[in-house]
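Before anything else, here is the set of structures, which you'll find just below.
Each of the next two complexes has chain A plus one more chain, namely chain B in the first and chain C in the second.
== the complex of A and B ==
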């Protein structure tokens, strides 16, 4: 009897597994939208938040956006969280891609979505040319980063964008890049990627800029050695990284909320105290998808346990 | 001469009214160059490619090994030949990078050429699944056609009317382009990638079995990392640990926080293993790079 059951446990039809996964995740996505889950953000996410909240007012943030829609579950949430922090603190940014040619369009879409959120909340739009510059795609990441590190004025010298009156001008005439003479003049450098373009950034410019990364769960482990070595200062990994950022945007870091409560503490850096973001939306895609991640991981763990229980019971039955 | 011509394609002044002719000229020159190379005698082909590869690689080798003057500012004059050559190399980086980017852009054309050749051959010979090739080529032409039309409308013909963030200003061409790119391509891209979740789920169920000490260790570490990704569970676990340790964050029991255990696994097991792998890959890449640079590699186009 036990052998029969064990065999069944070991050979669940994969179609049933697929149905259970899709139904559970879909229901959670619909019902659990925006659910706030208490978390302990990772130290690497905290370091990223520290970097972004401390960008000097007169220095733009360089965003290398190399993701496409294939990883939008993680990357778009990361991108939007990053944009929200910067826009909320009124920090200018430059955005460009060195990976897939589709990447500039998905980045533009993310900017548009965050601007829409801001409009709904009665906040000002972030305007192209005045508040940010979008430079498009640069083929060959390794070579482009090399050129950027060597001489930014030469690397981006021919890029032109319409100013507020619609006249095409050199991007270095915009308020965003006017004071930038070399790559180290940026306030922070953030790579949002689902591929190895972060490796090139580490190789070519990590000694010149404050390099940070927002990467997918798959790429995350390969970036950890750079984080441990100090070549990457802040790092958000996967959906957990998105939710970490959103959580800190809402509750700050080492920051006393009303009633003296500190929701997110960083015992290793007690001297740091950062408030929540001053305005705009905090919870977004991270909060929407995080509960689904719990369900998916929970189901996977359950499936592994079932398979192993089946195997052990089956072996025991066989011995008898 | 050829390299100057090629780099013009990237370095052209965007305000130059002749830019389109220059770009077209460079593309034609590049095409002619590629054609001539393909017609070169097989015996001389290898020498040409090895020579180009060596000169290209030599620039970067010298750039990284040659001593560079430190704190060298715009307008400073080199004090001696060593500094002068270092400055010459540094000044050459934008040009060489430009050339490399132009060549990379040519690869896109090469990719399209290869795609067309493979699939047109398949269609003309009615090989297996030739219908899919027809769909692929129709999709390619349609997306290119509407993509360029959309670009021309936005940048030239209706520059003052169309607003990229305001679909109410768009023409039907822009709408079709939006449906093709944002509506179809992007969503299919996301759908394809999301299928991986099902395979991972099924594979984890079938393959993650405790059959040996090694597989047990692997599974325990994987479980710890997976559990640590579940914020709610980590929160409950850690709160219990904190309570057991009397609220003292430096108590011995604090080592058993889920995120601390997962962090230990990552820092002391995963990261060293990855470093070791990357050292191996790096050494292999260095050896392969040297072989390619010196023309010792027999395979590929140099054969």
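== the complex of A and C ==
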């Protein structure tokens, strides 16, 4: 032990830690791709899956997409999992943003990517106007949500989109929104966000719609009280939330698989039994990155332990 | 052959994206000019993009079209224009008079309108936000179910179907010991955390100061959990970027056309 210098443990150059992190994550991403990690989904994620799988056929889902590439690591996975569930169940949806002006573009990209996945599997594309409507960006989430809650026909009345023949028409003439007179006519309302726009939605429309959220790990803890109080019905948080959704899309919820196995159970809601999604891809960004997340967190914990060991050994040596 | 240019464009896009990410992350090594270059480029792109998006998605549809009206393809009036919308422009521009010492009083007009709207909404939204949480804070702390520590499963699976037990409603309505303990922890956390912010009264005695101190501990535990979630989120973002630089770039250059 005489050659052991405890100080060194506390003075590891941070750049070496970055290199170790990058190398181990990269190796995991390349080698561990497709590795399925068993997971026990959070109850809040289960509630979100229940909501999405039970959307009435004749009601569109409203998706408020308020994320950009800055949180792609979590939000894109959430958005794609959401789109996969809806498209797989053939549910129409409306998508719009009330946050960053860049948000509509990343949402469009996500729709395009899920459509490409479906095409590869021989499934039909989801078509703009007939199956979904993309409304673009609404500035100032507070006032836009207020307007939406008060009178949706007025709030979205100016928005026009090309129909199947390419002629611009009011979005309320589309098959998606034709039966919508007020915001409560939506089958479910999902906010995919990396910011406080979920707060504005809770404040202004949580008493009118079945409000759900898919948020980043940073925003997650602030949304949990809303979930507990029933203001938000379903909630997926961060990359764990993405993988929870993907896992349930593959194995269902309270659903007996071949051999009598139930992969995901929900003892608190025995009356619910939901199958996996009927078609399309299930595993995506969540499954791809979840193993790497474990490796990265493991490394961080190891670094903390090493630093603390160095500190305690150093203190002990100092006392002598 | 037709797919070749598309593939090449994709490869260039991915490569440029990867270069930008590596350039931005180079700050981890040390502050350098490459990082500064990409940082400024990113900010410039974001500002330019936002400006176009603001016009295209917002001002054009929400302001310009209602103001100027719309014609059909045959040239007849589809929607008449409401020229009063033009008044919004000078009101909005008044906000910029904040930069002039002589005219900055005008900036208070749009700011006042925004503050007025915001204040009005606060009255309306307060209960929506906090009401359900206050109501949800009232939780049972006396057990009513004594046939187990945890809540019993109220269902069985028979031949792949969910079968609810005959006494399921009774099982679900009971409050089990585990739930009571959870609720007690919640109640103590709530009250002690609130007590920590009680500055109007001088707390004396071991019980009062101890409860106050417990509140501080509970807050610290809460902040620790939030910080843990934040760290996990940041790692998820880094992993995505590493995945883009290494995996996506590798795949873009190894997959064939089509």
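Keep in mind that, in the parts below, the second predicted complex is superposed on the first by the 316 of 320 C-alpha atoms of A that agree within 3 Å, B and C clash if a C-alpha of one lies under 4 Å from a C-alpha of the other, contacts with A are read in each partner's own complex, and residues count from 1 in each chain.
The definition used in the following text is that contacts are C-beta pairs under 8 Å (C-beta built on N, C-alpha and C of every residue); 3 or more make two chains touch, one makes a residue touch a chain.
Just so it is clear, the model here is predicted, and its values are computed rather than measured.
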{"item": "Combined model on chain A where chain B meets chain C, clash or fit", "value": "clash"}
{"item": "Partner chain(s) touched by A:292 [first = chain B, second = chain C, both, neither]", "value": "second"}
{"item": "Partner chain(s) touched by A:65 [first = chain B, second = chain C, both, neither]", "value": "neither"}
{"item": "Which of chain B and chain C A:210 touches, first, second, both or neither", "value": "neither"}
{"item": "First (chain B), second (chain C), both or neither touched by A:112", "value": "first"}
{"item": "Which of chain B and chain C A:166 touches, first, second, both or neither", "value": "first"}
{"item": "Partner chain in contact with A:304 - chain B first, chain C second, else both or neither", "value": "first"}
{"item": "Partner chain(s) touched by A:267 [first = chain B, second = chain C, both, neither]", "value": "both"}
{"item": "Contacts of A:158 with chain B and chain C, given as first, second, both or neither", "value": "both"}
{"item": "First, second, both or neither for A:18, with chain B first and chain C second", "value": "both"}
{"item": "Residue range of chain C overlapping chain B upon superposition on chain A, of 109-117, 127-135, 163-171 or 199-207", "value": "109-117"}
{"item": "Chain A residues contacted in one complex by chain B, in the other by chain C", "value": "14, 18, 21-22, 70-73, 102, 105, 138-139, 143, 146, 158, 160, 217, 221, 225, 228, 238, 240, 267, 293, 296-297, 300"}
{"item": "Chain A to chain B touching residues, read off their complex", "value": "12, 14, 17-18, 21-22, 37-40, 42-43, 68-73, 102, 105-106, 108-109, 112, 115, 138-140, 143-144, 146-147, 150-151, 154-155, 158, 160, 166, 168, 217, 221-222, 224-225, 228, 238, 240, 243, 267, 290, 293-294, 296-301, 303-304, 306-308, 311"}
{"item": "Partner chain A, residues of chain B touching it in the complex", "value": "10-15, 90, 93-94, 97-98, 100-101, 104-105, 108, 159-160, 164-165, 181-182, 185-187, 189-190, 192-194, 197-198, 200-202, 204-206, 208-210, 219, 223, 226-227, 229-235, 238, 249, 257, 259, 263, 266-267, 270-271, 274-275, 278"}
{"item": "Residues on chain C engaged by chain A in the complex (per definition of touch)", "value": "28-29, 46, 49-50, 53-54, 56-58, 61-62, 65-66, 73, 117-118, 121, 125, 128-129, 132-133, 135-136, 151, 153-155, 157, 160-162, 164, 168, 225-226, 229-243, 246-247, 250"}
{"item": "Residues of chain A defined as touching chain C within the complex", "value": "14-15, 18, 21-22, 25-26, 29-30, 33, 70-74, 76, 100-102, 104-105, 136-139, 142-143, 146, 158-160, 167, 199, 202-204, 206-207, 216-218, 220-221, 225-226, 228-231, 237-240, 254, 256, 260, 262, 267-268, 270-273, 285, 288-289, 292-293, 296-297, 300"}
